[in-house]
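Here subunit A shows up in two complexes: once beside subunit B, once beside subunit C.
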Partner chain A sequence: MSTVTSIAALLLFPSGLFLLLSGLAYEWADRKLLAQFQNRVGPRWFQPLADVVKLLAKEEVAPDGVNGRLFVALPIIALAGALTAALYVPLFGLAPAFSFPGDLIVTLYLLSMLTLCMGIAGANTLDRFSLVGATRALTQLFSYEAPFLLALLGPALVAESWQISEIAAYANGRYLLLTQPIGFLVAIIGLMGKLELPPFDAPEAETEIVAGALTEYSGRGLALFRLGKGVEMVVGLTLVAAFYLGGVANPFAFLLKTLVLLLVMVVMQALMTRLRIDQTVGMWWRYGALLVLAQWLITILFHAISQVHLMG
Partner chain B sequence: MILSEKGWQTVFDRIKTWARVNSPWVIHFNSGSCNGCDIEILATITPRYDLERFGVKLQGSPRHADILLCTGPVTRQARERLLRVYEQMPEPKFVVAIGSCALSGGAFHDCYNTMGGVDQVIPVDAYIPGCPPRPEAIIDGVVKLLQKLQQGEKAEVGDQKPGELS
Partner chain C sequence: MQTDTQRERFTIPIGPQHPALKEPGHFRFSVDGEIVTGATVRLGYAHRGLEKLAEKQNWVQNIYLFERVCGICSHTHATAYCLGVERLAGVIAPPRAQAIRTLVCELERIHSHLLWLGVSAHEAGFDTLFMYSWRDRETVMDLLEALTGNRVNYSVNVLGGVKVDVTEEIAQAIYKGLDFLEERTHHYLQVVSSDASFLQRARGVGVMTRQQAEVMGVVGPTARASGVTRDIRIEAPYAAYADFPPQVIVDERGDLEARFVVRLKELLESYRLVREILARLPEGELTVRMPRRIKSGETVSRVEAPRGELFYFLKSNGTDTPVRVHARTPTICNMTSVVRLAVGHQLADVPLILAGIDPCFSCNDR
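This part shows the complex of A and B:
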């Protein structure tokens, strides 16, 4: 790949600017659908864009007692992590911009950068609400991360590769949702935990701890964190759709499948109320992790049996 | 055609104003009101009126908010807190005084322990009268503030008298 096309892939399409805009579009779809379920009209189509532009144009207050450099750098690192993760994912039905064996693990770690940055951002201030939010964000990170990782490794197991492009090629046309239903369930709920959507919004519960880890952020920092979350939503939806919903071979399939996944997430958001942080942790480790391990066991057993069959 | 420096400035200003008018995030502060106005504010953000149509979002943190919806006559105890919340908000910020007490002290007019209105403590951009004002009145007041923003004329401190809307 030449330098020019690499830079274009990084800055314009499919990563960079286009991804930021699609992140905003998915955020709008999420809010609009949720509004429909709550019997409301919901926001206008440009709402997330207006929010971000307004935040970027606002003053950024750096409160007393923060480490100034960290305060400025963390939102940038968070957004950069989410954007980098997008490079290894088959966005919009196109082949990933970059690919190497084992990039699935790298992508998943890049995706958790955002939460990690939010955690550090919360701990960086003297504000007690931020601190509680940061503690909750990191606690939640440790609870959903392992089951989510294992759930996405299920398709990797049957595809016999840890490279996203190869798994996506294997999953293309095969609805792994049918053969690995538990894995799919854990993956989609894990994605909701990752995005801190209800019922996993304890880290930013505005009725208890103001705005969680981002309480002290205003203007630019808040805008970048929001953009990062939008990007993460697109990347996460793409991963789950590519692995479990029969692949995203063309832009039309991509749109259709990610929107169906989004609809499932919105229904769950509308149906369920916020879990306490201990309930979240308990749910993930008591049920999520065990279920996904059971899924693994079944997959491995079937695999072994079919291998024996083939040999016999 | 490449725009001059001033031309770019106007374009940026227009984009900024557009974003500001279309995404007013509000925070709600009670400076000693009887809760009547607060209940009306909460009624305003219910699905029936659905202010998310206009981009209005209720925020918990003053750092995230653009508009401070303030009720109550500002008791002497609440004064410090109101000032602190106001100062925590990042610029540009706007204040809407809601209800008779926030306008002039209302039932607590001339009381020894109240300041007698929000504009005695912080600059107010829009006044919404009523005891309590109906949700429609609150929406009307906020929309009038946004129209004023659109025209680019932020009210100076003490520029308006209570009861005047635009």
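This part shows the complex of A and C:
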């Protein structure tokens, strides 16, 4: 790949600007669908973009007692993490911009950057709501992270590769959703936890702690965090769709499958009451982690048996 | 945060401005991690000096004043006030007027309980129930508007009677609206008592025993959800409640789920009452003559607001203005229970425990 196309891939398409806009589009779809389920009208199509533009135009107030440099840097790091993760993912049905063996692990950790940055951002301020929100965000990170990782490693196991492009190629046309249903379930619920969507929105439960870790953020910082969340939504949906829903080989399949996934997530958002943070942690470690481990065991056993058959 | 050698308590201030509070109030919760270890409350942010103002206005003007104590139970306030003044003057409003007062009281209870259902669901993080219950609440708001001309502050009462009449057309509209609401309420009752994700936030949370409820002097649906049989409509029937007695809904469990169940069952009871009043509405005049000056004396007027017992004290010296009007609202009776019950619970449960008493700060601060 020549330098020019590389830069274009980074800044414009498929990563960069286009990804930011599609993140906003998915955020809109999420909000609009949720509104429909709740018998509301919902936002207009440009509302997320308008919010970001407005936030960018606003003054960013750094409160007393924060580390100023950290306060400014954290949103940028968070967004950068999400955007970098996008480079290794088959976005919009195209091949990943970059690929190397083991990039699955790197991508998953890059995706956690956002939550980590939000946690640090909350802990950086003196605001009580932010501190509680940060504690909750990080607690939640520790509860869903391992099951989510294991759920995405399930397909890697059968594909015998930890490289996203290879797993995606293996999963193309194979609906692993049918052979690894638990893994799929954990992956999609884990993604909701990652995005702090209801019922996993305890870290930003407005009726308790206002806006959680981001309470003190306004203007640019808040806009960047929100953009990062939109990007993470697209990347996460792409990963789950590519691994479990028979691949995203072309843009049409990409759009269809990610939107179906989004619909599933919206239905869960509409149906459930917010979980307390102790309930979230309990649920993940008591059920999520154990179930996905059981799934692993079954997958490994089947794999071993089929290998023996092949050799025999 | 700076670490102090002295163990400083980590307090979370909630209010006067906070998304969990729809009205101003100030709470300080000291927490250990997520567990609340202490709670204090400060009220009075919405004090408007209404009681003092009442001493400068005449008896008639004060109806409009006390209707505006609360935006949700305004008719209940006006009814309590009017009944008290009528008792001082030795006047009894005609039966049809009393029945219409009762009718509007019950319609108002329906609107208040549906509003509460939405607010509480939102505090719990169950926005779908919030949106649906408020959509359905519009039905009763429309009925109230058709009946009285206003969505809030209905202005139904005058001294010595009421100023709106129930026509056949409106009665039919109310029957129709209630049929819809009854069906919805049965559905919500099923949701709050069977939805697993909702129940893990409500069942067994914020338990107030019957003894605690009696000691703290809790009133209204909050008390009835703890097994206390206390309802002014039965204990001291006012307006037309003697002719149309409601059934007291009691639940022994005392947790948040019980408070949801009690209020929803009270809705069903209100639907029954409204239908009964419409079916047996007495004929006759709407008002009787009231003297402009009220005989000197003092009296107490108690009514059952949607949130519990509403208490009015009135004192007259024989002129056309009162000497003293005092209103005590149910929120002040129930507020102690919030501070008491919050301790030992998770921070996440606090908004729901607060919403469980259906607080009305502006009412309370007057």
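One rule holds in what follows: the second predicted complex is superposed on the first by the 312 of 312 C-alpha atoms of A that agree within 3 Å, B and C clash if a C-alpha of one lies under 4 Å from a C-alpha of the other, contacts with A are read in each partner's own complex, and residues count from 1 in each chain.
Quick note on the criterion: a contact is a pair of C-beta atoms (placed from the backbone, for glycine too) under 8 Å apart; a residue touches a chain by one contact, two chains touch by 3 or more.
This one's a predicted model, so the numbers in the text were calculated from it and none came from an experiment.
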*asked:* On the A-aligned overlay, A:Glu59 touches which partner chain: subunit B = first, subunit C = second, or both, or neither?
replied: first
Could you say whether A:Leu271 touches subunit B, subunit C, both of them, or neither, answering first, second, both or neither? second
Applying the touch criterion given at the start, work out whether A:Gln279 contacts subunit B, subunit C, both or neither, answering first, second, both or neither. second
Report for A:Tyr217: first if it touches subunit B alone, second if subunit C alone, otherwise both or neither. first
* Asked: With the two structures laid over each other on chain A, which partner does A:Glu206 touch: subunit B (first), subunit C (second), both, or neither?
  -> both
Q.
Let me test your reading of the model: by the given contact rule, A:Asp51 touches which partner, first (subunit B), second (subunit C), both or neither?
A. first
Q.
I'd like to know which partner A:Glu196 touches here: subunit B for first, subunit C for second, both or neither.
A. neither
Q. Is A:Val132 contacted by the first partner subunit B, the second partner subunit C, both or neither?
A. second
Next on the checklist: According to the stated criteria, A:Val41 is in contact with first (subunit B), second (subunit C), both, or neither; which is it?
Outcome noted: first
Check: subunit A residues flagged as touching subunit B and also subunit C 38-40, 129, 206-207, 210
So, in the complex, the side of subunit A touching subunit B is made of residues 31, 35, 38-44, 46-47, 49-51, 53-54, 57-61, 129, 206-207, 210-211, 214-219, 222
Residue positions on subunit B within touch of subunit A in the complex are 15-16, 18-20, 22-23, 25, 47, 50, 52-53, 55, 59-61, 63-64, 66, 88, 90-92
In the complex, subunit A touches subunit C at residues 37-40, 126, 128-129, 131-132, 135, 198-199, 201-202, 205-210, 270-279
Given the complex, residues on subunit C that touch subunit A span 1, 10-13, 18-20, 31, 33-34, 121-128, 131-132, 135, 195, 197-198, 200-201, 346-351
